[in-house]
Amino acid sequence: MTDTTTNPPGAGMGAPTRSGDDPRNTASKGTRVFGILSLIGIGWLVALGLGLSPDDQTQGDLVRLMYVHVPSAWLAYLSFGVTAMGSIMYLWKRSEWWDLVAASSAEIGVLFTGLALVTGMIWGRPTWGSYWEWGDARLVTTLVLFLMFLGYLAVRRIPADTHVRSRRSAIVALIAVVDIPLVHFSVKWWRTLHQEATVLSSDFDPKIDDLMLFTLMVGLVVFTLVYVWFMLHRFRVAWLEEQLLDHSLADAIEARRAEAVGTGATT
Amino acid sequence: MADGTFVNDAALVAAKDLRLELRSRVAVSQVVPFAVLLLVIFGFALDGDQTTLQRLTSGLYWVAVLFAAVLIVQRAFAVESDDGVRDALRLAGMRPASVFVGKAGAIFVQLIVLEVLLGVGVAVFFGTTLTGWGLLIASAVVAAAGISAAGTLYGVLTAGLRVKESLLPMLLLPVLAPVLIGATRAMGAALGDVAVDGWSWFNFLAIFALIYVALGLFAFGPLLEES
Amino acid sequence: MVSETVISLRGVVALLGRFPALARLDLDVDAGEIVLVRGPNGAGKSTLLRVCAGLVPVDSGNARVLGHDLRADRRVIRRSVGYLGHDTGLYADLTVRDNVRFWARATGASGADADAAMVRLDLDTRLADIIVARLSAGQRRRVGLAVLLAQRPKVWLLDEPHAALDENGRDVLDEVLRQAAAGGAAVLVASHDHGRAEQLAHRSVSLAGGHVHSVREPGGTGVFGG
């Protein structure tokens, strides 16, 4: 990689080269706005989810888990989608910028995928009578997604040249993208061709009250804000790390050439 | 000029890998016994109960195939990472896509042999009566194709890495989850254990194989290149 | 003999990770020329050979081999060069004959070329059917050389080729390289073994700090470019 690389396409994602930002810090105007909005939103979601919204007729208070579970699952797939897009864009444009987008999104994704799984299991225990239900294609697919995220991050941790690492992990992400629909389809088909799936198809669409629907929407928006907030910070950390390492190729070349002096390397 | 055709190069690589196996006999002397050992272990774990084992034959069979496949893939790429072979492969100027087809082809052949032997294994140790031969063979063949294609991709990715032993199964097995489900269902249908349409699972496995062959043709080159 | 520049490097920078192993290196090698690359450990000798082979990417600078741009047509260049590194690139579980035949065919040579190369390096009799894992380092190097010979490259890139070879092996190696050069190939040899390699070379360049530090042209042995 040379020192001329990677102008952020569309200048989005708060690339820390913009003026006015402290280069030693991952905060910027953007992160502050998203941070404050996220925190306010979380407060609001807690009030709505735990207080203002009504119980469900059949599920009782259990339905409140939905306000965390559904947004987490949404973020799991959103971040996976962003990782996939970043990887494909990397393979196309060969810009480290996209690779770092993919990597940052995967780290946040693994967190929310885990959260979606845990809340799903907690919800499943009283509803299905067991933490796990193999017939629920979404749950099983999310688990496989979680494992693939872990694999992706494991590949990223292997020490390698930047571009080797980027290319390798982009392809791992690409393989996962192609696989996820196959997993979903096979699990769904596997169980529906069996018998017991009918009971389960109704999992998260009970008769939804207006306020419940509103709370759910707030949850989705708030979680998305949190995702963007985390992404900005995580991306900037990754970016600064790259900058630090990449700092000056020109100096490195001069230092390298200077090795010839005093080595006695005369003929 | 090295400009053999695509097929020639692929055949050259596959023949080389199969010859390597004939000389070293790693698959025959280690992988096959390991796979059979798995069947025996299933027997111990499930109380040696023939009825249970027969009912679960298709699942146990494919678990054994998958685990053994991981070893076959690992072996196939261990040989490519000794002593500068990877450099030599890159220098040879063969199209990466044909190297992919050659490597996957040799793995495919070994998997087919393994599947046949494991078929004999379940018949002997579990007392399973093999029926529905058409579906049984067809689905085993397309499943092997899918496993070899995905395995070859991850094999080249992990080749030569210090963490390859644990990384390869961690990456490969989740990706092969649909193959495990599909192949188990298809075999269950062939054996008459489950009342499902096995041929639609055959189609599913074929689609999986096609997708991963296509992905391999595209992605093998970049993976071979600098990793 | 017509002086045709086969390798032409101008201000080449090549990175290993983020380390500039080659730092603005300039070098020309002509057809028919044998050039010795000298220098202390870590001077960039091996990287230079690997860059010329298209194994290490050029980060910046102008680099052409056989008229092709190293940054654009690495694949074309790779199959026209013969590279023998510290590792010989052989399958340990295949026999000598299997290896030479496989690599000859993989690089586009014929089975007959492979057999001829084995005869030339005295591998066709006793060693032919022994697996490479059983060979000594010197014997492996002979096999690696046989692969190159079968391939008949226009550019030979050899990293410490004399190491591990016995006297007879070195004689054969020198003869093979002289003949290749006489046939118009460009030969680049990195070596510590100055005595032997200097007799062989038409010219020697000294590498230090990732660039060519000095050039020496021993009295009128051969053909010269830059």
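Each chain gets a letter, A, B and C, in the order it is written, and its residues are counted from 1.
Methods note: a residue touches a chain if its C-beta (ideal position, glycine included) is under 8 Å from a C-beta of that chain, and two chains touch if they have at least 3 such contacts.
On a predicted model such as this, the values are computed, not experimentally measured, just so you know.
Farthest chain from chain B, judged by C-alpha centroids: C. The most centrally placed chain, judged by C-alpha centroids, is B. Averaging Cα coordinates per chain places chain A and chain C 47 Å apart.
Spacing of chain A relative to chain B, judged by their CA centroids, is 31 angstrom.
Centres computed as Cα averages put chain B at a distance of 38 Å from chain C.
Among the residues of chain C, none is in touch with two or more other chains. Annotation for chain B: residues touching 2 or more other chains are 226. Among the residues of chain A, those touching two or more other chains are numbered 161. Every residue of chain B that touches chain A in the complex is listed here, in rising order: 150, 153-154, 157, 161, 163, 167, 170-171, 174-175, 177-178, 181-182, 185, 194, 196-197, 204, 207-208, 211-212, 215, 219, 222-223, 225-227.
Partner chain C is touched in their complex by these residues of chain A: 2, 161-162, 245-246, 249, 252-254, 256-261, 263, 265-267. Within the complex formed with chain A, the chain C residues making contact are 13, 15, 17-21, 23-24, 39-40, 42-43, 59-60, 204, 206-211, 213-214, 216. On the chain B side of its complex with chain C, the touching residues are 1-4, 9, 12-13, 16, 19-20, 23-24, 79, 82-85, 87-94, 226. Those residues of chain A that touch chain B in the complex are listed here as 91, 144, 147-148, 150-151, 154-155, 158, 160-161, 163-164, 167-168, 171-172, 174-176, 178-179, 182-183, 185-187, 189-190, 193-194.
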